[in-house]
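What follows is a pair of complexes built around chain A, which joins chain B in one and chain C in the other.
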Partner chain A sequence: MATMEREKLLEVKNLKKHFKVDRKAVLKAVDDVSFDIYKGETLGLVGESGCGKSTTGRTIIRLYEATDGEVLYEGKNVHGKKSARELKEFNRKMQMIFQDPYASLNPRMTVKDIIAEGIDIHRLAKNSKERNERVYELLETVGLNKDHANRYPHEFSGGQRQRIGIARALAVDPDFIIADEPISALDVSIQAQVVNLLMKLQKERGLTYLFIAHDLSMVKHISDRVGVMYLGNLVELAGSDELYEEPLHPYTQALLSAIPVPDPEVERSRERIILEGDLPSPINPPSGCRFRTRCPHAMDVCARVNPKWQEAREGHWVACHLYDQEFNKEGK
Partner chain B sequence: MSMTEKKLTDDMFQPAAMDPGKHEEITKPSLTYWQDVWRRLKKNKAAITGLVAIILIVIMAFVGPAISSHGFDQQDVRRTNLPPKIPGLEKVHFLGMDGVDIRGNDQYKLKNIPKDQYYWFGTDSLGRDQWTRIWKGTQISLLIAFLAAAGDLIIGVTYGGISGFFGGKVDNIMQRFVEILYGIPNLVIIILFILIFEPGILSITLAIVITGWIGMSRLVRGQILKLKGQEFILASRTLGASNGRLIMKHLVPNTLGIVIISMTFSIPGAIFFEAFLSFIGLGIQPPTASLGALISDGFKQLRIYPHLAIYPSVVMCILMVSFNLIGDGLRDALDPKMRK
Partner chain C sequence: MEKLLELKNVHVSFHTYGGEVKAVRGVSFHLEKGESLAIVGESGSGKSVTSKAVMRLLPNKTSEIKEGQILFEGKDLARLPEKGMEKIRGKEISMIFQDPMTSLNPTMTIGKQIMEGLRKHQNMSKSEAQERAINLLKLVGIPNPEIRIKEYPHQFSGGMRQRVVIAIALACNPKVLIADEPTTALDVTIQAQILDLMRDLQKKTGTAIILITHDLGVVANLAQRVAVMYGGTIVETGTVDEIFYNPKHPYTWGLLSSMPKLNAESKELLAIPGTPPDLLNPPKGCPFAARCPHAMQVCLNHMPESTKVSSTHQAACWLLDERAPKVEPPEAALVGGAR
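The block that comes next holds the complex of A and B.
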């Protein structure tokens, strides 16, 4: 957290995104999620695959219509009816980087046309010379060179493709970027390069990130704060150091205990929390607290009452009855 | 060889000089997708053979009738059922191009035809020149096939594209309609169609198209549905792309390949179907001929005058096989998984 007087860039309030699976069943991919993102920070979002991270990101950026709740960007509602001009303005401020470096670039377009797509849509270049120059500049920014401009995506490696995707997002000069697992499809040796590029860009351009990942160790490295999701719910949100040192939610504790420690002495004596059972289906989630079926501390009340999303300590939010005075008198 | 003979020491190794900018370099020549497809197609001998054969047949379909001295509907009852006779080749008797029928009679001599008169593929039961009729028939068959393929293309791509792109309720309604149409046996529809309208090039084409587009529309719809969820489409949408842009820049270029493949398979399908209609008497009506009509006529006299059925059949087989070879070749060439 760079500055103390922090300005909210994005507010997500009780966001819900439900998919109709068939006539009866509804899949609650994101169910009542609230959090804020401050200007200039990186908010990490972690959780097992299928817990609704991508859906959260895509709903924030309007790729999906929200079922309920709202998203405010600089105080303005993102969803709902908008004029074409408002939409365009909004599209330039918020951008997305995708997970799959193979599916995220159109195989029939040259790198130049891919990167220039935003320039073309928003008419940011007066003529083709200016367009070319902007593309070359962007290629250089992401560590590629301008000879690459006329080539097709299949000629590039995964890491290079991901850089092209980053350049495409940067072309419209956004303030806020949602990075949906941008490194999880890459080789470990390439992951650091892409992460470093993202961090460099953040420093240079004052970007704000929502960084989605399923791997806690990488998220800690780049995030100021981290949110943990489980089955469509946000279960814990705290500054990344605090979250790693003092995780409150049993699910976060379990996730953290699975990360190996580089010190062999510690690693040998380290206690791991093994979660029992399988991930329940989001179509038919457990009543009350969704984590209770796998929670080592589950109480009776967990099956009956949804845990409240509350600030257990300053800046440390958690949704768990263990930290709720009402249900756990002795506290924890 | 033992290691002791020559000791490897550290100072024998030196790091290779490397330009840090160089390692991102790609040396392969840059090819567009279609150049790449052509490069791969060229390597496929079967597909190229098919392509050459089709080009030759198309050329012959137009040149053939012109280089013969007989008209396609010119009848001559004194010169019926003549066997083939070709100048030059008539001397090589076992080829069967010497004007001698299967019973060993030289029909040209029996019917007092002047020495300089040749019917290259013989004549039919009304004395019309079979050579001219075969190439005229090829013209008609190809015309019907291309028109039918174009009809499939236009209707199928539009219908499938709209259905897949808009999805939801629109898709639901459009697909129910297709299912109903698909549920009715298409032969019934086609036969009714031709009975109502006179059999002719247009009505036969329409009859083929009326159910033929369904396959194409399903293919296109599937492809569009698949593409719609792909991340490059999502990326384009987050950049604010309009529907028109999504369609023209992203969806069409990525659907073109399967559409072309499907076309190369629907052309022989239409040729075959037209032949089938001729066989059941609903095809092109005389004096116009199509390959199917010629084969159907020749078939009736197969045991006495085999040449009447054999030559149009050979042309038709070559056409069908060639289109299928090209289709197969294109499918391999367009398949990104085959990329090297």
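The block that comes next holds the complex of A and C.
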């Protein structure tokens, strides 16, 4: 795979984010997650709600302080003590687009001021004429027009608001964008518009994306590589075609088999892996492998030992005892 | 086949400050005994309003069924007094919603909530109703039902709550179950469980299902027939195979093309440009004309009539008129078997 020679933009190393929920209990929202993101790629992050996707994204971008582990951006630690200048620079390079275009736009600000907020903070425009021009250009880039500049968010449809959110993120000329469920609140026909826009922008500007979503078919469509999370752990990571064609982790297999395909013939003949039961609580996760309570292949060792995060094939990472060579050698 | 429920030219409007919102504009379809019909379309197309009209759950003061008939076993539900409707709602026709919490009472145990309908409609004694409640929870796959009937909704996970809601809806053996986006709020592995459950229950009970959804995967999974809604109208109906493999309406083409297909090669999705019509001022002609790549002059001025494609398949599009040019669906709209 070409990823070998590609340059790393972001390195996430043993990242942990734990939330104190009361005096005794700790919720391990993200627990020892490691992966890299290469320059210019889209890394998809999937998994069911509550598995820690947003927390991972928010911790990477410093919206949350990490409990442990490191995030390196172009080799520089994102967390820890920073000078004001360094902080500002990280904040400019890394931007976030949110799921809910309604909640993430200030209803009392005009579209122009929303988009220009970052331009002002980072002093990217010399005067108000330049500021206006930049805003108009951005509106055009995302498929809106300058007549929209003086309106307020409530005057727009969901898809248009998401475009405004994208324009705001682009305003500061970032290199890396975390898109947290950017299309989940939109209709199918509008989702396609926004996804096409994100892909076009990536091509034009060489952007790198972390694309978080629970819609697996859209994630496959947009991502070069995809990571799968379960209860705060990354359980598998591979090139998107490989992941969808040859998933290794039993959870990935179940997740993929659960997606209903828009093809009645396929649906009629399909064998599904239906997972039993519900997601366990992240406050009291199962010992060993967190998936073992729902895993159709669970073995004794799974309750005892946390599976290692290992490269089972080139560029294909998995945390599962089924692929544990040492373990297999021992003869179970 | 026996028509269990039939809507004929149903119009529903809301009276708002801004004026009359014509949410449903001449909807006709029928439901056969024991079948599952999916109503698919994007948000605001009138799916929920149509189903609430059937259940007569629309706000009395601000909404109105202006025209049309909703025939259920010979009765017109559109004009039935509330008294008569109470005997049908929850007993003959039940409904479940996207968010199970909207139909559950947070202050009442699950058991009480299931038993309520049974005691009201079926005159059961308390112990009979309790036994039936436990059996229903078993039927919908909730473990330890004897214990769980004493618990409150917040003690259940999202997927388990939707199971409880399904149990309540099925308590009186309804002939029709209307499920409005029943799995939209659920994760995909839980969705698979619930869809499986619904199919299983339908086999066991023979209940006819109207499944409302925006997800074509869910449609392909559960439905036998499909009605595609757009801008308050039904633009196409057919068997599930007709809709996926031989779609005739450009909006159906658009829906099929904007979905990524897991096995597709192409990198660009064919998005439908623009946004749906404003139902305060609905267009005079075809509701899809403004976004349709094939729109002709006639489409802007005249609402197309429903045209028969087969005995089970019809579409409301001027392209089906014999005078119209021949247009093929885009490549991206072709699903598996249609290729």
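FYI, the second predicted complex is superposed on the first by the 318 of 332 C-alpha atoms of A that agree within 3 Å, B and C clash if a C-alpha of one lies under 4 Å from a C-alpha of the other, contacts with A are read in each partner's own complex, and residues count from 1 in each chain.
Here is the rule we go by: a contact is a pair of C-beta atoms (placed from the backbone, for glycine too) under 8 Å apart; a residue touches a chain by one contact, two chains touch by 3 or more.
Note that this is a predicted model, so its numbers are computed, not measured.
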Chain B versus chain C as contact partner of A:Asp147, first or second or both or neither: first
Which superposed partner A:Pro107 touches (first chain B, second chain C, both, neither): first
First, second, both or neither for A:Met96, with chain B first and chain C second: first
First (chain B), second (chain C), both or neither touched by A:Ala25: neither
Chain B versus chain C as contact partner of A:Pro264, first or second or both or neither: second
Which superposed partner A:Arg58 touches (first chain B, second chain C, both, neither): first
Set of chain A residues, in rising order, touched by both chain B and chain C: 160
Interfacial residue positions of chain A with respect to chain C in the complex: 48-49, 157, 159-160, 187-193, 195-196, 199, 214, 216-218, 220-221, 244, 254-255, 257-267, 272, 274-275, 278-279
Chain A contact footprint on chain B (complex, rising order): 21, 24-26, 28, 30-33, 230-232, 234-242, 245, 249-250, 253-254, 336, 339
Contacting residues of chain C [partner chain A, same complex]: 42-43, 157, 159-160, 187-193, 195-196, 214-221, 240-241, 244-245, 254-262, 264, 267-273, 275, 335-337
Of chain A, residues touching chain B in the complex: 58, 61-63, 87-88, 91-92, 94-96, 98-100, 103-109, 113, 117-118, 121-122, 143-145, 147-148, 150-152, 154-156, 160, 165, 168-169, 172
